[in-house]
Structure formats: C-alpha cells, structure tokens
Amino acid sequence: MVIKYFSWIKEHIGKSEELIELPDNVKNISELINYLNNLNDDYKKVFIKKDLIKIAVNKTYCSFETKISNNDEIAFFPPVTGG
Amino acid sequence: MVIKYFSWIKEHIGKSEELIELPDNVKNISELINYLNNLNDDYKKVFIKKDLIKIAVNKTYCSFETKISNNDEIAFFPPVTGG
Amino acid sequence: MEKKPIIPVRIKIQNKDFDVSEETNILRGNQTGAIVNFVGVVRGFDERNNNLIDSMTLEHYSGMTELEIEKIVKQSYERWSITGVTVIHRVGKLLPSDQIVFVGVSAKHRQNAFDSCNFIMDWLKTKAPFWKVEENNYRKKWVDYNLSDDEATKKWV
Amino acid sequence: MEKKPIIPVRIKIQNKDFDVSEETNILRGNQTGAIVNFVGVVRGFDERNNNLIDSMTLEHYSGMTELEIEKIVKQSYERWSITGVTVIHRVGKLLPSDQIVFVGVSAKHRQNAFDSCNFIMDWLKTKAPFWKVEENNYRKKWVDYNLSDDEATKKWV
C-alpha cells in the first residue's frame, strides 16, 4: 500500500510517501491509523488532530470507516487551502 | 431647448437632435410631447408608443410629469439594449 | 462609522477593442485577492427572431452613459467592500465574437467581487443608454429590449 | 429530456503564469454571449495573523486535484447551461500580486456564467487538494483553512 502525506502532515511525519505492507487485521482507515500510531510518536502527534485530517483512498475523499486493501493508495492531508 | 433622439426613435423622427423654443404653456414632458405631436405625424407615430419611450432631462432619467425649462436638454429613447 | 477608502474607478466608452489581461493587471495589487471579470461577446445568431447576424452597431448617449455607469458603480461600491472597478463599453460597428463590454471588479474577498460585478452588469443592461442594431444582408433591426433584464435587477432590491 | 451538448473543458495545473486574454479568447465563440472570469491573486499581507508575506508556495496532490476539479466542473455543467469552462491553477513558488488561479466560464446568458464560475470557485476552495505555505524572512506558515469557505458552499445546496 502507498501512503501519501501533504502539507504540515508531511512535515510532521518526515516523508511525503511510504510503502507499507497492510497487516491482515487492518481493514479500514481507522485501523490503519491505529497501526501507524503504534509505529512511532510522529504519527500519533499527527493523528491526534483528527478534526484536521482529510483522507483519500485512490484519489477520492473517504471517511475513517472506509474499507481498504493492500492495493490502495491512501492519502492523509489537512483541509485544503488552494484557490 | 435641445431635444435628442436615439435608436429607432431617431430614425422615425428623421433627426438625432433639434433646437426648439419652448412655448410658455409647456411646463413638463407630457406637455412637450403634446406640443411635438401637433407639429407633424412623425412625432405622433413615435409618441403613441408611450410604454417604449424613456425620457431624460439633462442626462438624468425622468418621468412624463417632470418639469422642464427652455435651458434643458431633453432626450427621448427606447429601453436600452447595451451590454 | 468607518469611512470607505477611495478606490480607483475607470469608465471608458470607446470603439477600439480592449485587452482583458491588461485590464486584469491594472486591477491587481497588494490589497486584492480576487478579480471577477465579465466580458460580453457579440453573438452570431439572434435566437429570439431566428436571424443570422453579420454585424452589429452600438449607439450611445454620450455623457449620460458615463453618468449612469458612474451611478451604478457608486451603488456597488457602497454595497460591497471592493478595491477597484473598470467598465469599458465599445460603440460603433462590431462583428460576431467581438468583445462588447468589460466589467472588472477587484476585492479582498471573492464573493464581493462576484456580486459587485454581477450587480454592475445587471444595472448597466437596464440603465446605461446604449442601443444595438443588428445587421445582415437582408435587414437592419434595432434589438428589442429584454424583459428578463428587468427581472434580473430584482435580485438586488 | 434534451441531451446537453458536449462542451470544451480545459483543466490545467502548472507552475507557469497564464494569460487572461488568451484564455478569454479561447472561451469566445459564436454560441457565447457572456464570459465570467475569476482570477485569484497572491496577497502581500496575511490579515488574520498580521504578517507580511514575501512569497507563497503551493503544493498539490497530483492526479486527485484534476479529478476533484473535473467533478466540480461536471456538477456545474449539469446545473447551468454553459458553453465552455477553463480552470488553471498554479503550483510552486509565487509572489504577492501574482495570479494563482483562473476560472473562466462561457455561456449564452450571463447569469449562468456568473453562477457557474462562482460555484466552481467555492467548491475548488473546499475540495481541490492544494495547500499554501506563506513565507517571510522570519517564518514559514502553512495557511489555515478558512471556515468561511465551507460556509460559502452552503448557498449551492
């Protein structure tokens, strides 16, 4: 699975993209976040700000409950500020 | 008094502008129209279309009741179609 | 009550074409976050009367036109917080797809620019003394005014 | 139900500047009576935080950005009768008074162009994945999202 990070989330986590092998017990976005939080504190510091996190699966907005698989591209980013 | 005509009104009356000496008994736009109607039928054919006539006194929209004097510039024109 | 700053207003009646980039650049500046431009274009077909249009000639009441547009711009300025306005209206003979009118409004915030530009166009359509005559090989026809233009101004009342 | 004609839609994400006249000319045509352009401009001052802005860098999520803008344009096309849409959004480093975004909509009738352009901007602001970071000599600050942008979309519901 590819995970992409943007804006200050990218800076807090220290990378713009990473490849992970999705564990069998991780079925949706919430579970993915729990999994990442257990890897190190950088993730925790980001994901604690739940209200400021937007999620996309395969370049489409989704929710914390959206089901995911190992072939998906996931993105975490703050509310957008273009225009 | 200067009277200006625009668009199809100008074409019907056959001139874009004319100078007239305002008779003493002509005090407002309605009376001016009556006065012009008595000059010839070209005016009558125009002013019969009362709903399609806009009037300005000194380059400001006005009504049939607006008072006028011999120093004024009057204009008769159809509803505008610019933009 | 805070006094509104004076803003640059440009009103031009001219035969020659205008350059939308140039006009946009004039409206840009440090205090401006948003510019909304309206550009009116000569259509090649009169749908109401089912006529081809080869050319169009625009006549205006010099002096009164400028005064009426100034009044509209002033009302718009009193109603919205904007930083600049440009209105250019062409007169004389124009061809299909030619630019007729430019209304550009700059503002700090975009909705003010949208509303102000829309307001100026709606009132210009019903108040500014311009008249169009459409021409083709067979006829010359003064354009009838459009009741929907009067309707359009009601949203601002 | 009458099927809507296919209309030209151009969506571009680029670092280089755009030319508003060129874009307006592309939107002109025989069927078009009205063009409404929105141009977003980099401001030199952050009023919410009272900071001077020396430069701004725009980051985006390549691929998703285009998809989101396409969705917005499609909704706009379904809602209003329009004849063409162009959306250009710049990314990378920009300076105060630089152009950031262009949204141009052409239509037969002006209100459709105004509403469609306004709609596209409002949704682009809340959905298209771009992020701005503002820079001056002392700091670099990711721009906070603006609650008023969410509010702005409510007028279309």
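Remarks
Labels A, B, C and D are assigned to the chains in the order they are written; within every chain, residues are numbered from 1.
In the analysis below, contacts are C-beta pairs under 8 Å (C-beta built on N, C-alpha and C of every residue); 3 or more make two chains touch, one makes a residue touch a chain.
The structure presented is a predicted model; accordingly, all values stated were derived computationally and were not measured.
Here the chain-to-chain distance from subunit A to subunit C, counted in touching steps, is 2. Between subunit B and subunit D the centroid-to-centroid distance comes to 48 Å (mean Cα coordinates, whole Å).
Subunit A and subunit D have centres, each the mean of its CA atoms, that are 27 Å apart. Look at where the CA atoms of subunit C average out and do the same for subunit D: the two points lie 22 Å apart. The multi-chain contact residues of subunit A, meaning those touching 2 or more other chains, do not exist; every residue touches at most one other chain. Residue numbers of subunit C whose C-beta contacts span two or more other chains: 40, 121.
A complete list of chain pairs in contact reads A-D, B-C, C-D. Subunit D makes touch with subunit A in their complex at residues 40, 58-61, 63-64, 67, 89, 100-101, 121, 124-133, 142-146.
Of all residues in subunit C, those touching subunit D in their complex are 19-22, 24, 28-41, 43-45, 47, 96-97, 99, 106, 108, 110-111, 113-114, 117-118, 121, 152. Across the complex, subunit D is touched by residues 4, 6-8, 56, 59-61, 75, 77-83 of subunit A.
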